[in-house]
């Protein structure tokens, strides 16, 4: 971690009722980024959204069988990027096989990864010790 | 850490401009505590305040000589208590020798520890590896 | 779960006011069931008003899509009103603004069923 | 640092409106210097209006105490107005509500100098 970084490391129970807390913390951090040259309100919304989408997926697809599991999220701000990591302990999946939604078909689901990819500058999902991590980052200038 | 706990671990640069971010995160967490039986808006203010006071002291008295240092804060919620730890790497001090303010004398300073003690249920300051920690907790019911 | 939905009947239109700041994976299932129940109970025209909704995620969008498909299969209509700008931009990003009829206010929507 | 302070002169009273959500260790030094400068420049009556201040910490309180002592040493007055409830409770907790004259509004305070 660089000297001038902000790091926020959050562990919350595996429940959707904590989505709003995580989203709000993300918004607070985004609004603090005075080096960001774009619109900070919009950035705040986007950070809230990608945190929500990633946390929902961790709950739905990776932690579902064990309501005692925690969701682990790390938000990091360095001089030039905001990086979010959402850890899960599930089977994992290959994010590169997830297609964009078919805009001509009306599905109830399948827009989460698409939204994350649309709003962040880089997104990857990979195995780590004890599980997986969805890592997404946004350049700040 | 218990299964149903929330833990938020924050590292920010040693600068007062981050007080409002830390305070706001504290408020967000306090407002989430639906098991708290008192007024949550008031609790949120108090958590904001004790975080602010403790972080200012870490900046002023412990980290002052090194602007590259980080302030490290951990907020933990368990079933029955909200616990805040603010770490510093300074010389430390004996919190038990800090008197309450003399209400008949008008001083510019000396109200921080008093406010923390007034608003939290237990407060201690002790040596830990690599420095010190101010630990304060509030019962939730 | 207990989502804050205020339902109002005006002529043959049922208006559901979503009185929540967030429409997300935590609460959108409830809105989805509510719409389903209404269409199955014979409702033809539902308006969902999102005036108070500051934040929507893909599950919230999905619940509305589900309601829209329900409307079609019951020969009914589902329309939307009062989208805040950030919420609107999520419809645009997912191209759902081409699917839904979206009105500036609940009263404007009522005149267009 | 650049704190948002709006200063207005009405008759012989200088009103400082603190246009910040927080009055804390980050910005209160500026308010303190501003009051000091005014008293040293010959001001006698200063009113600090805290209408927009939602949060005050011990440094914010300290800056106001410093201004109050400055007022006394210049044979002047420092009064306060428009405290939000949570801010007011911080004055009570530290007994400073006994030290300052506190008014409900800036206009009410102006009538009482």
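Labels for the chains are A, B, C and D, by order of writing; each one numbers its residues from 1.
The rule is simple: a residue touches a chain if its C-beta (ideal position, glycine included) is under 8 Å from a C-beta of that chain, and two chains touch if they have at least 3 such contacts.
Keep in mind it's a predicted model, so treat the numbers as computed, not measured.
Here the chain-to-chain distance from chain A to chain C, counted in touching steps, is 1. With centres taken as mean Cα positions, chain D sits 43 Å from chain A. Taking each chain's centre as the mean of its C-alpha atoms, chain A lies 28 Å from chain B. As a whole-number value, the distance joining the C-alpha centres of chain C and chain D reads 49 Å.
Residue positions 20 of chain A are each in touch with at least two other chains. Looking at chain C, no residue sits in touch with two or more other chains. The complete set of chain-chain contacts reads A-B, A-C, B-D.
By the touch criterion given at the top, residues 1, 3-13, 18, 20-21, 24-25, 28-29, 32, 68, 70 of chain A touch chain B in their complex. Contacts from chain A toward chain C in the complex involve residues 16-17, 19-20, 23, 41-42, 45, 48-49, 52-53, 56, 59-60, 101, 103, 106-109, 111-112, 114-115, 118.
Remark: chain D residues 21-22, 24-26, 55, 57-59, 61-63, 65-66, 68-69, 86, 90, 93-95, 98-99 touch chain B in the complex.
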